[in-house]
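Order of writing sets the chain letters: A, B and C. Residues in each chain are counted from 1.
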Amino acid sequence: MSLTVLNVIAAVVIAIAFAAANAAYLVWAERRGAARIQRRPGPNINGPFGLLQPPIDGIKLMTKQLMIPGGADKILFMVAPVLAMAPAIMSFVTIPFSEGIVARNMDIGVLMIFAFASLGAMAILFAGWGSRNKYSVMASVRAVSQNVSYEIPMLITAITVIMVNGSMDLKAISLAQAGGFWHWNIFPSLQSPLMPVSFIIFFICSLAETNRAPFDLGEAESELVAGFHTEYGSMGFGLFFMGEYANIVIGASLTTLLFLGGWGCPFGLFPGVWWFLLKIYLLIATFIWIRWTFPRTTIYGLLNLSWKILIPISLFNLLLTAGLLKVF
Amino acid sequence: MSAPIQLRPDETFLLNVGPQHPATHGVLRVKMQMDGEYIVKAETVLGYVHRMHEKMGENRTYAQYLPNLSRLDYLGALGYTHGHVLAIERAAGIEVPERAEYIRAITVELNRVASHLFWFGAFVMDLGGFSPLMYAIQDREHILDMLEAVTGARLTYCYYRFGGLYNDVDDDFIEAAKRFIPRMRKSLKKYDALVTGNIIFQKRLEDIAPVSAEMCRKYGATGPVARGSGINFDVRKNEPYSVYPEFDFEVPVYHECDSMARYKVRMDEMEQSLRIIEQGLEKLPGGPIMTEKKPKNIKLPVGDFYQAVETARGSFGIRIVSDGDKNAYRLKLRSPTYSNMHLFDEACEGMLIMDALAFMGSLDLVIPEMDR
Amino acid sequence: MGGYFSEIFYGSKSLLIGMGITFREFFKPTVTVQYPYQTLKMTARYRGHIELLADEEGNPKCVACGMCQRACPSGCISLDSVSVDVEVDGKAKKKKVLSKYDLDFTKCSLCGQCVESCNFGAIDFSKEYNLASTRKEDFHFNLLQRLKRSEEKNT
């Protein structure tokens, strides 16, 4: 009994620590990466390569006063940042980092992650509504319509993978792809020849779901000041920020588990957690690379992309896979 | 894409964009009557950086007024000072040595490229892309270094004098400018591939914010804004001044009237400016840079004088009413962005706020120049 | 339908081209100057605030004619002089000597009209750019004092 409790506490602490450390150092990596793309050095004063910058930023955020604007809905305003962070941490619980490293493996892992991810839209909606700021309201309405419309193609492609592998258990899906990169779901198989397209759709959707550029309409700093977190300072902003980066890690982990063979090695050698981390950080580097290359899409361009391109293609892919699964 | 939706003027809210807002690039305020994300009505409010430059012109001697002109438009300052010195020189009958005029043309065109580069970066940043701004600033820095070595300043130049220049250019400048031209052409190709060809960028600009030629005439819009709407008007060609008739260059005109047309006009103009600089460096004559018969205290004859020049933002005019004194009786500056910006109120009705702010970026507003 | 797919194709291609450009930029060397640790040399014509120049004996070249004061658009120069009895070729003569030369740098627009108007070459631009302060008074320069101090340093 007590051992179970200890297990749970340890899992939660590790999940939070992992999320927080990732958030802090992904910001650093993003700033350094963006700087290199723009041919500047980036943060390089505090510590070697500026590695002490994230803790300093954290201290700054924590010591600032949390201001609540007059007329704001206090409860929603305070709840929103927590709601942005908590589901992201919960999702870490069921992500298998390797065959042994998983807090609680569930046979409905994929479903649980999607369930928690959809809570992120609520956080944005609460923040926008609670701030009593017109920019925030507009941004949150945008972000919610974006999240809702991108969940559909994301789920459809996830269902395709689930159908091929015959399981919702992330560990099982990953194990099914073990033993060399030719077994990975990203490559076309007899049952589903359009898998590379699915991967691209899933990747685009995870960009949109995490509100990353070029789909960062919820922030849109040149139009809506800072979007839904305009009124947040101090750790309120800090939590949104951490939540965003935690979501990026989850998006990358999910992509890795579903399409890139999880912790499996491309050549079937030494499978383990290092391969998993290598894959997710490569994906995150691509996220950063994309962000600093493209301008932002428009809201209608974004919805057109989802409803006119991604959803039809992913639906076609789903039907094709279903049919081929019956045949082969 | 201003969708043909039925706006409901009875269910609106007021959105106050500015005076401090990231998209207004300065202290411009726009009161927007919004229906959701659609703009029902917009009203621009100016005057937050009004510094009475016209009144100052009445209290200062003509020479003392020189530094003021470079404070109008901090991105393309040389074009404005050029207009001022040309106006005074023509009114007072001062001859300018040919070398000085060539150097003026070269530096003005360099400054125009610098201004367009900064606009390009800021415009793409308005659309959410940050890296092109850094690349543009990097190229612009070369121009500023060159101009700093010659004029002694990086932004608010006070280089031209009545009858000539403050000081001559040296071989280093000519070398640097010759090196700069091919480098800039290479960069323009990079911008073409990175930004102009980008599908997201094209989708955001094509068929957005159409401004008809009729509307440009109505509001007196000039420069790239008018040329993007099919009006072939460039002061350098239509009312030639300085040594511009000596150069072989084209005026880019696009007939699409949308934001993309305005963008393309400016990108093409950079290439044309490079051509002018190239020819100017080739033809640069020797000789003095300052006329010998320069009067100590300049007094204009009684009368009314006007000089227009093509700056990076459009046609800049300076009108001086003189009563024969050493300062103007009345001085009026016709600044191009002031006219260009007033398109915004009418053109952005029924537009999404996103497109409207991208449209505002495509107008290339410099607020201190508008407010004067 | 053909247009639909060709748009997807060319759109994706343009995105990949853009990513290729930023990828190449990533590996290029940085171009920025790490300012407080590295500094650039100011160009010869750089215009800092003005400075009085000294003649061979260490006295200001300025004869206090006031041309710079009149030329200044912003009225930031104020100077004063006193009459001093000097002996030139054995005759007693009165000579104007500069007693005060103040520059209010808060108003200066660095146009260079004062330097240009000076017929004696008595003022020039300094190369000082690192001027930052929280108090306005720090920009009211007593140029005569600055000159004396720099002369003392030189000798």
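Following the convention adopted for this analysis, a residue touches a chain if its C-beta (ideal position, glycine included) is under 8 Å from a C-beta of that chain, and two chains touch if they have at least 3 such contacts.
No experiment lies behind these values; they were computed from the predicted model shown.
**Q** Farthest from chain B in C-alpha centre terms, which chain would that be?
**A** A
**Q** Per-chain Cα mean versus the mean over all protein Cα atoms: which chain has them closest together?
**A** Given all protein C-alpha atoms shown, the central chain works out to be B.
**Q** Sort out for me whether A-C or B-C is joined by the greater number of C-beta contact pairs.
**A** B-C
**Q** So the centre of each chain is just the mean of its C-alpha atoms; given that, what is the distance between chain A and chain B in Å?
**A** Once rounded, the distance between the two centres reads 43 Å.
**Q** Please compute the C-alpha centroid of chain B, do the same for chain C, then give the distance between them in whole Å.
**A** Those two chain centres are 26 Å apart.
**Q** So what's the Cα centroid distance for chain A and chain C, whole Å?
**A** 51
**Q** Using the touch rule from the top of the page, what residues of chain B touch 2 or more other chains?
**A** Residues 131, 135, 138, 194-195, 198, 200.
**Q** Multi-chain contacts in chain A: which residues touch at least two other chains?
**A** 37-40, 292-294
**Q** At least two partner chains per residue is the criterion; list those residues in chain C.
**A** 15, 18, 21-22, 25, 31
**Q** Per the contact definition, I'd like the list of chain B residues that touch chain A in the complex.
**A** Against chain A, chain B makes touches at 1, 3, 13, 15, 21-23, 34, 36-37, 124-131, 134-135, 138, 194-195, 198, 200-201, 203-204, 352-355, 357.
**Q** Which residues of chain C touch chain A in their complex?
**A** 8, 15, 18-19, 21-23, 25-26, 28-32, 34
**Q** Over in the complex, which chain A residues touch chain C? Could you list them?
**A** On the chain A side, the touching residues are 33, 35-41, 44, 289-290, 292-294, 309.
**Q** What part of chain C is in contact with chain B in the complex they form?
**A** Chain C reaches chain B through residues 7, 10-12, 14-15, 17-18, 21-22, 25, 31, 43-47, 71-73, 109-113, 116, 125.
**Q** What does chain B use to touch chain C in their complex?
**A** The touching residues are 60, 63-68, 71, 131, 135, 138, 148-153, 156, 158, 161, 166-167, 190, 193-195, 197-200.
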